[in-house]
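Chain nomenclature is as follows: A, B, C and D, assigned in order of appearance, with residue numbering initiated at 1 for each chain independently.
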Amino acid sequence: MKLHEYQAKALFREYGIPTPKGVLVDALDKLEQAARSLGGDEWIVKAQVHASERSQVGGVRWAHGMDELRKAGEALLGQRLHTGYGGPGGQRVDRLLLEAPVQLEQEIYFVMQVDRSLERVVCRVSQSGGSTGAERAGGEIEIVQVEADAVLGFMPFHYRQLSLELDLSRQARRRLAELMQNAYRLFRDKDLVMLRINPLALTGAGELVALDAKLTVDDNALDRQPDLRALHDAEQVDAIERAAEEHGLHYVRLDGDIGCMVNGAGLAMATMDLLKLHGGEPANFLDVGGHVYGPEQVAKALRLILSDGQVKAVLVNIFGGIVRCDLIAQGMIEAAGGQGLRVPVVVRMQGTEAYAGLQALAASDLGFITTHKLEDAARLAVEAARAGVAA
Amino acid sequence: MKLHEYQAKALFREYGIPTPKGVLVDALDKLEQAARSLGGDEWIVKAQVHASERSQVGGVRWAHGMDELRKAGEALLGQRLHTGYGGPGGQRVDRLLLEAPVQLEQEIYFVMQVDRSLERVVCRVSQSGGSTGAERAGGEIEIVQVEADAVLGFMPFHYRQLSLELDLSRQARRRLAELMQNAYRLFRDKDLVMLRINPLALTGAGELVALDAKLTVDDNALDRQPDLRALHDAEQVDAIERAAEEHGLHYVRLDGDIGCMVNGAGLAMATMDLLKLHGGEPANFLDVGGHVYGPEQVAKALRLILSDGQVKAVLVNIFGGIVRCDLIAQGMIEAAGGQGLRVPVVVRMQGTEAYAGLQALAASDLGFITTHKLEDAARLAVEAARAGVAA
Amino acid sequence: MSILVGRKTRVICQGLTGRQGRYHAERMLRYGTQLVAGVTPGKGGSEVLGLPIYDLVQDAVDETDADASIIFVPPASAVDAIMEAAKAGIGLVVCITEGIPVQDMLRLKAALSFYNTRLIGPNSPGIITPGECKMGIMPGQIHQPGIIGIVSRSGTLTYEAVQQTSKVGLGQSTVVGIGGDPVHGLGFIDCLEMFEADRKTKGIILVGEIGGSEEEEAAAYIQRHVRKPVVAYVAGISAPRNRRMGHAGAIVSRAQGSARSKYAALEEAGVMVVFNPALMGAKMLEYFRG
Amino acid sequence: MSILVGRKTRVICQGLTGRQGRYHAERMLRYGTQLVAGVTPGKGGSEVLGLPIYDLVQDAVDETDADASIIFVPPASAVDAIMEAAKAGIGLVVCITEGIPVQDMLRLKAALSFYNTRLIGPNSPGIITPGECKMGIMPGQIHQPGIIGIVSRSGTLTYEAVQQTSKVGLGQSTVVGIGGDPVHGLGFIDCLEMFEADRKTKGIILVGEIGGSEEEEAAAYIQRHVRKPVVAYVAGISAPRNRRMGHAGAIVSRAQGSARSKYAALEEAGVMVVFNPALMGAKMLEYFRG
């Protein structure tokens, strides 16, 4: 789960990580007062959306004086940013973070994350931070990494190593050590999987200030992080994905026109792959759950897929193990019965009671196209989608 | 470093470990008011001394009514308890802890400590706590032990195991889990080497209350535990040991009459052993430091030994390594010169400049008895002490 | 026995008294697994499915000589359950539980390194040696005793591989689902090493998916150490970047984890890769037919 | 080289620029130790005693191919220094520092188990292979190349054993001071194992003291695995209970750690024990004279 910048910075302050002075604004008429409370005549206006690339689509603006400030506010607040996230409509900007500028000498890239291969928390820094820096440059700019010890965490020699790589002054070294300790404490306390500060400003006085803040919380840990769960901004997520989430389904919206419903994440990806192999384009990834689910879950999932206007055909791929295919078939008939089949639905079933399931679907006369074979199912779905487009 | 019960219980409360209601009293005329503030008409009066065995020497008294309370107070406050600690004079009672009695069903023995062989923090409990219980029974009563994991600490399955062994109710199990978590947090935060609760009361309502509290802090960690260092009660320590401590010397008072001064803890023990082998009795253990020390340190140490009236002879055993024996000899001559040699001092030197050192001592005409041989030195010291006793 | 589990494996079930535990325990028993006891704190002394229930794993081990444990407990209790098994000397732990926080897994893995306990999972369908021992939630009936070792990060996709190898008559020696979480117990390399050493196993199917670099590391290992034929399929060539595909571990991030990179590494290592998930069994059969 | 250090050992010194570090580094150089560099954070680029100083151990290792490190830093920095050495691939770390909190040592030991680094100490006088390499603070001149391996928990008492074996003409193969702290790196058993395997070592002197159970564990190990003659002395038979005798580790507690218990275990294991610390060398000579 992602946090907004303003939420992340509140946590930073709680954990002793310096941030610029800032005020959160949720209405245009509060903008001027906020600016005055910050002082000065120059401010940064930052749209609070989850996408990392907001600055590339005008989500971060500098304003000199009140006129520019008002214009920046009007251009952002209540508008939608097309960041590539949040579905075709983009992400609506409900809040602005207004900040005072920080005089800086260098922009550092700083990230703490879980390295699954090393099985350690790692900290990576680069001298080249900011939006043109390490993050976007791929492998070209040198990023230095240290790994937290499994027992002892990050240690002074880690701080020293990174300070040397960043060529920091004595004062800044102390600040980096504090930052790493505080960030690691936050990382562990709040079950983060990623904590990114880019840029981390190094000021002339040797202070380090987090100009941006991106935190991702472990979804599996939200039960024990109720305070963080409460920070979830569902508005940032695509509407269908949000509905799926509420039903406990893993759904990812894609660009194609063939809806997919599969049990098991691996098989769901494999089904998408197979569609591609046959020249089709999946409209979504959807795992109804590998193991424990009932007909209702299936019915909900199918309705969800059909609710996407882009979908021209549906491919259902079920490997019956614990749950019997005939029960799954029932759920699908229910879902279809309610509103009829808007588009062709190809169903492949295998495993427990697959024959009974397919037979029930065929007998339902609702137009399900049935098969035992994965290969055939993919081909039929692609053909159905093409026919649909043609029609 | 040991803490007083009242100091330990203050830490317990800070860490959520339940203790009985209690008031600290440092003057007899405050006793009645303290009792009234606790309520009831029965109280426990506990002498605040470091020795574990205070209850065997009357250091813990029950008082019914104000008369008994006054008598108990008078019998303890300002008096000395001969607990075997604090030197021949015993330990002076400067404070009393007055507590309300706790209705209990069972007395549990509970200790958390560092197990050097397992290299883990361990928690040991027994159903038989209290002064007649596990602590004094040696191997006869069953004590169950669990070890904290090196990475994860104590875990729920540890709590379950101990709860089963103690045959606790569901409510008490929860309390034991909390107690272990809180105690371990305290243990780690405060650099303890031992945390003992004996008895830990199990009440009829399934609550656990720490009736006693013994904490030992790691001497090596006092630099980073300034709050604990400030709790040190030097009055509890034997006067000579206290003086030695102030000079940075490791000194332990013993029962014999031959003072020992040695460089290095192992060699100091070996010297005591050798005296015993020759029929002598060491008056002390004294390590002037194995490696880094100067003549001043030696002079101080020798004066300290000579200040002990029980000492009839002194054995000095120096293995010169980094520090030259001739410099050590100088220090000794200084120390002796100041006040003369009250008793015979046998000196054995080996290693760097040992010959020069011994020669200087012999030439000083202060009566030093010198030799190169460890064996001879011990024999001579024992003979000198006997002669001294005879004289 | 081919690898890890077989006829002699004595299994306990932690969380046997729960709904899921009981359901699958019954099926494991029916399959012929030597399930000898259950462990549920607070339920010691009772009996479920004719099996004794203990409060502590240590008690179960003392009484039944169990050497393996399958765990069905909620994610908040899973690390404790695994460590309790390790401490009691259990040599193989299969953790079915899904949803363990990744930092718990980091700490668990570090803690486990002090014990001689092998962990499969979490978020794993389990392990099966067909005809001998099923420790997991897979449908037993699709398996056939045979010669192909299968190791997979995915559940239902593993069943595809199983069914395909059963259908073409090769069967399976042992099938291991290592689980879809980013940090887990046994990995591809551990299983490849065991399959390579196992006399019953003649060929290996590796089922990977996007995310992480375990397939790349497996490829490097295969190149150096594996002489048996390996067929590999990697799910997610059609998956977009930076989106998690169901499994917590299935995500292509900036520089790492794409199916293309994994396929390239595997091909480079001489693995017979298939881009079509329906052809894993066929490809393996093709090899054996020469 | 007999065990652990020899002519080819390339040593760095962490804390070389401090008073104590510099003092002993000079003596080590004079003894012939291949001391190749120093490490002091913030002093990188300077030179002391003609040796280059680096900011990081990794830099020193990269530049000098060092494989061992001797540490003279304050107790608050010691764990960091040891871990930095381990992380940089140093195979042997000798920690002279006295006064490290015991809980730091617990965590350090757990952390070190993930590395192939051997730790001697802390609170150790060091290790010496006479005539080849001195990594420590012992007086070099009392040592003689020879055939007795000495392992000891104490400093100056070790020098007694050294001097006695030098005097009777046996000399020492290697002398290891494992340190007087309750939790430390290499223990008696590690050294016994190495001495038993070392061709140059013909006899072993073990110098124990009160506290803990390491001598008892060593006794059990000797009984099973050591064929070479072992002489042992245990300091503190005259020490009272519950009083710490100088060393943090030298304390007899309720049930454990008395010299009597240690002597009993060692005798039971066939070790030649001496109750008189002046007779360690003589006893060993007696054995060799038959």
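In the analysis below, a residue touches a chain if its C-beta (ideal position, glycine included) is under 8 Å from a C-beta of that chain, and two chains touch if they have at least 3 such contacts.
The shown structure was predicted, so the numbers you read here are calculated from the model rather than taken from an experiment.
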Strictly by the touch rule at the top, which chains does chain A share as contacts with chain B?
C, D
When the contacting C-beta pairs are counted for A-C and for B-C, which pair yields the higher total?
A-C
Of the other chains, whose C-alpha centre is the longest way from the centre of chain A?
B
How many angstrom lie between the CA centroids of chain A and chain C, rounded to a whole number?
28
Geometric centre distance via CA averages, chain D-chain C, whole Å
46
Inter-centroid spacing, chain D versus chain A (mean Cα positions, whole Å)
54
Could you say which residues in chain C touch two or more other chains, in rising order?
107, 110, 114
For chain A, what residues touch not just one other chain but two or more?
150-151
Graph shape for the chains shown, where an edge means the two chains touch. Line, ring, star, complete, or other?
complete
Going by the contact rule set out above, which residues of chain D touch chain B in the complex?
20, 23, 75-76, 99-103, 105-107, 109-110, 125, 137-139, 141-142, 152-160, 163, 180, 182-183, 207, 209-214, 217, 233, 235-240, 243-250, 254-255, 259, 275-278
Under the stated contact criterion, what part of chain A meets chain B in this complex?
150-151
Partner chain C, residues of chain A touching it in the complex
114, 116-117, 119-121, 138-139, 150-151, 188, 191, 193, 218-221, 223-224, 250, 252, 254, 262-277, 282, 285, 287, 290-292, 319-322, 350-352, 373-375
Listed in rising order, chain C residues that touch chain B in their complex are 41-42, 44, 55-58, 77, 79-81, 83-84, 87, 107-108, 110-111, 114
Would you pull the chain B residues touching chain C in the complex into a rising list?
149-152, 155-157, 160-161, 164, 170
